[in-house]
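I'd like to ask some things about the structure below.
The letters A, B, C and D name the chains in turn, as written, and every chain counts its residues from 1.
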Amino acid sequence: MKLKITQRFLRAAFAIAFTISSALSLADIDLGKNNWQWGKDDVLGAGNLMTAQSIKAALSSIDKGEVVELSHNVTMNAPYINGIQTPYVMTLSRTSKNMEKMLTEHMGATNKVGFYLERIEMTTHVSTHIDALGHVTIAAELYNGLDREDAASDTGLNHNGIDKSPPFIAKGVLIDVAAYKGVDTLKEGYAITPEDLQGALKKQNTKIPEGSIVFVHTGWGKNFTAKPQHYAHTGPGLGLAASKWLASKKVVAIGADNMALEVTPGEDPNVIFPVHQHLLVKQGIYIVENVKTDELAEKKLYESTIVMLPTKYQGATGTPLRIIALH
Amino acid sequence: MKLKITQRFLRAAFAIAFTISSALSLADIDLGKNNWQWGKDDVLGAGNLMTAQSIKAALSSIDKGEVVELSHNVTMNAPYINGIQTPYVMTLSRTSKNMEKMLTEHMGATNKVGFYLERIEMTTHVSTHIDALGHVTIAAELYNGLDREDAASDTGLNHNGIDKSPPFIAKGVLIDVAAYKGVDTLKEGYAITPEDLQGALKKQNTKIPEGSIVFVHTGWGKNFTAKPQHYAHTGPGLGLAASKWLASKKVVAIGADNMALEVTPGEDPNVIFPVHQHLLVKQGIYIVENVKTDELAEKKLYESTIVMLPTKYQGATGTPLRIIALH
Amino acid sequence: MKLKITQRFLRAAFAIAFTISSALSLADIDLGKNNWQWGKDDVLGAGNLMTAQSIKAALSSIDKGEVVELSHNVTMNAPYINGIQTPYVMTLSRTSKNMEKMLTEHMGATNKVGFYLERIEMTTHVSTHIDALGHVTIAAELYNGLDREDAASDTGLNHNGIDKSPPFIAKGVLIDVAAYKGVDTLKEGYAITPEDLQGALKKQNTKIPEGSIVFVHTGWGKNFTAKPQHYAHTGPGLGLAASKWLASKKVVAIGADNMALEVTPGEDPNVIFPVHQHLLVKQGIYIVENVKTDELAEKKLYESTIVMLPTKYQGATGTPLRIIALH
Amino acid sequence: MKLKITQRFLRAAFAIAFTISSALSLADIDLGKNNWQWGKDDVLGAGNLMTAQSIKAALSSIDKGEVVELSHNVTMNAPYINGIQTPYVMTLSRTSKNMEKMLTEHMGATNKVGFYLERIEMTTHVSTHIDALGHVTIAAELYNGLDREDAASDTGLNHNGIDKSPPFIAKGVLIDVAAYKGVDTLKEGYAITPEDLQGALKKQNTKIPEGSIVFVHTGWGKNFTAKPQHYAHTGPGLGLAASKWLASKKVVAIGADNMALEVTPGEDPNVIFPVHQHLLVKQGIYIVENVKTDELAEKKLYESTIVMLPTKYQGATGTPLRIIALH
């Protein structure tokens, strides 16, 4: 299996290697230093930017009370990275007819009660989801300088699990880079630049407030349901410089309508998931993936209030969740 | 296994049979009739009571922007009904060290990138969760007259799954029945009556607005972590009359700090889960279980704004979720 | 997902429809009649043909005590029918280092003991496996006239599960149809005929003793590891007439080096898995799939003694197993 | 969860500490030295003792061809070590009626074909099973000096997995220690001594041939189904000295009718699973657990031929299996 992965990645890697002129330099990644900006015991990361005041302000800016949904369903057709992520499986484990029979015959129930239950096998990075700060490491280091020897047991992260994340209520900004570039969908392998973001924001006449949540619309999301395997293994997305520029705006979370937020394959074929390393490990900024941004883009709702409430799977590296934009 | 369940239930059933004078009559359950109040194609049930206007009103009533959390963590220690529900299992499936090695050796990564992933096996009725309208049946009938022959495939509910539920933003009411009764915790097997609810509301000086979400505090929740198996198989909770009275107030969802919302074992030992049948199937009112109500009770925050965003597991009978109260 | 499956099957179906002249007639399938040949309470089916005498005879015919292995490993790369079968997943759930730490720190262990455990998610029809008699139905009817309303609960088959199967020790016959046809591998969609089997047996100078286990070598097995998805969804295999001819020889079990024993897609595109229906439901003959027959074929070991010991997963529809040929 | 385990173990540990006079000394465990007796690349361990000649001899000693079954069913009621092993779960994932409908409506099937499939979640140490040599470590060391840094990936053992084990066909010896002691069942916590084994063998007039498989009957197995949780967490079993004496007889595998082969809790409360360390890591002798020895004991079948064919789950730490004794 490893060989297959290698070949796929190498093929993609070589393709991209010839199309970009200046590869990412190792210096850009800034391995192994933590900024400890919220103190050495912090577990919230950029979640610290949300306060009662900021929440109140975000909620007060809602005009009509209308909701736009930003999540895909979680289904067995959902994209997953073959050989790394495990596929999502859901089947019914208890069914109405059999349960009615059992409750009637074995427990004397007279009220004809039946019910359904299901069994789910999943990794939390299925469909629209948020990454916990502890999802990724730079060598042995997790967010805030935790060492991997202490950070995890066999049954989950001891620190930095998704159960430690705050509820998210913040002003939301949609940056429609596809519209800025005049296309429906950015091309696979296209690395969004700071200039793209700045240009799109200017075109939209939108600003990024401190403490906000930013979603980038690439158009790639239309492949989520239509071509899940293609969607999962490639796509346009943030370049490292763009992620750094967004981080400099002091945002709480960044998401996009693609599998990995960042461009896949990466700008430098030998630098894998640098945006994850920069945002999660260095900056404590949450990453949101497979965001269904199409309705916001279509309605040109560039500013809204975002609510995301990560389910508290203890020690998990993320959680599927339902994101809404209120306006 | 069935025998063991039978014995446990029978034992509990006999115990309760001698302590209550008037058992539930079959007429109270009103089998087999649907009220179709929101039209025959409706999938939202009481979710129809939430509108942009009601959402705007609920959000506008928030004073400070402070958040109270109403969800337990999802853990392998979570209570489950033995022999019916499957236990929750989470283990890490990908670990930083092994992934760094693999990405470095097989994909040529130079940026020392590692990551963690997990595998979860679960039923959605784990920890704090919401029931989909299709979770329960009265004989072959689901919410809104759906027949079970058409309602489900092997891979989930075709209708009435949790993916069909709305996002919940509504005024919230906490009814502290334990405080009204002058106890820390109601006794197991205690069936809350309409008079209990009315008395507690009067004591609190609280009203139940149409379209609100009601949580009942029984005090039983303190056993959630301390004695999960005891917590799962018995407890105080709503009697059928109390659930009917709440339904008459046109609420959107009802929850409590116990395993099944309703009293366990039931008022009549031969009538199992009648409150589920009444609320989900007849009324289309959502049930929320294992709600962590202690902080609201302690702070006497009887009125707040509740936000619940059910993850859209397609065709699932519920979902664990993170509930917040804003005030 | 259903649509996708339909299209794939229809495409295959149309392809085959134009290449065969005489489609399977419905009369050939003989729906809904059971032969009850071993009595109405029988659960063993053709397993009844194995007796202490036949076992003793089979073992006595072993010459050297040498073993040839007939099973593939069970791996995450194993073929599965997309959308019907669930993929096999295995990850370590307990690891030596973490367990040593836990046992030392929390239980006072002084002997530096660590261990590994794994979690497996699977259907039993993964890799080399045997089908239970209850795996397949003709309409509502299982082997020996059982009705599906009684035959299964939510947690498995009540009757005809693999736990009811006998241990298999019997004379084994390899029929190398590929060699008979002068090819390495029969073509996908090729339906093996009775004449093919008879011709190959004559060429090999082999007979099929009553009570034996027959494995057919098609050469398709070389795709098991190399092209698992291709292997899973098509292949040469038994036609219905060939399976009937083998059944007439009173064999205990029939297997092949392909996904479904029978040809895929089927001889008649509108008749799906008729060989399964004939062998399992009508004849009580066990089906063995993904048999690794290459070494037997290469060594021309057409006669041997086969041992298969199905793991007794209670109520399961089959089990992966390790098959050996002794000679 | 860890605290709960600690307390249970400590309670048991203290109980036993006062009832034994001479605790195990650390010197007995002989940490960290490997004997490399079958060469440094060996993966078979004591499996090397089985040859074509020994297999032929074992099979030739079978008198009647009769089979005694030595395996329990694998069920959801099976014992497991709470908090360490994950529970076994099996539910049907595909059902005849739904599949018939799907195959008929979406694929045009005219032959009324339905089928059942199941999903299993398990660890391989469920019910009657065999341990792979790589299951246990002494500090970082696995069988034959492998270091745990190289021995495992996230998806299983790279070496010493159960797929590397041989098929087992060998002379079998049952040692009925319960009968020797004149009891139905040895008491929980009773550590079987070399003298017990020798005495029982003498009483039975049985010898242990080199290369044989030894099963010890303690009588504890009657609790397997009746009291699975009690069965799992305590029991009589081999003391370390007894396991060393058996190893000196050059046996291939050792099993018993209990959870861990060795006595639980252990002879020394601070030395956990020393018999596993000695047999698997030092000696390369396979351990078989939850063996259903009652029928052999009842029939006084002290000598037989044992067949065990471990399913080749790649990289797994063991496998449930069906064991038979032929005589």
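Here is the rule we use: a residue touches a chain if its C-beta (ideal position, glycine included) is under 8 Å from a C-beta of that chain, and two chains touch if they have at least 3 such contacts.
Note that the structure is predicted; figures quoted are calculated from it, not measured.
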item	value
Each chain counted as touching chain C and chain D at once	A, B
Result of counting contacting C-beta pairs for A-D and A-B, higher pair	A-B
Centroid distance [mean C-alpha coordinates] between chain D and chain A, Å	44
Centroid spacing, where centroids are CA-atom means, of chain A and chain B in whole angstrom	27
In chain C, residues with contacts to at least two other chains	76, 86, 89, 91-95, 102, 119, 121, 154-155
Chain D residues within the chain B interface of the complex	1, 76-77, 83, 86-87, 89, 91-95, 98-99, 102, 121, 153-155
Touch list for chain C against partner chain B, complex	89, 91-94, 119, 121
For the chain B and chain A complex, residues of the former touching the latter	2-3, 5-6, 9-10, 13, 26, 29, 31, 51-57, 59, 62, 64-67, 69, 71-76, 84-86, 90-97, 100, 102-103, 106-125, 127, 134-140, 142, 148, 151-152, 154-157, 163, 167, 169, 269-274, 276-277, 307-317, 319-324, 326
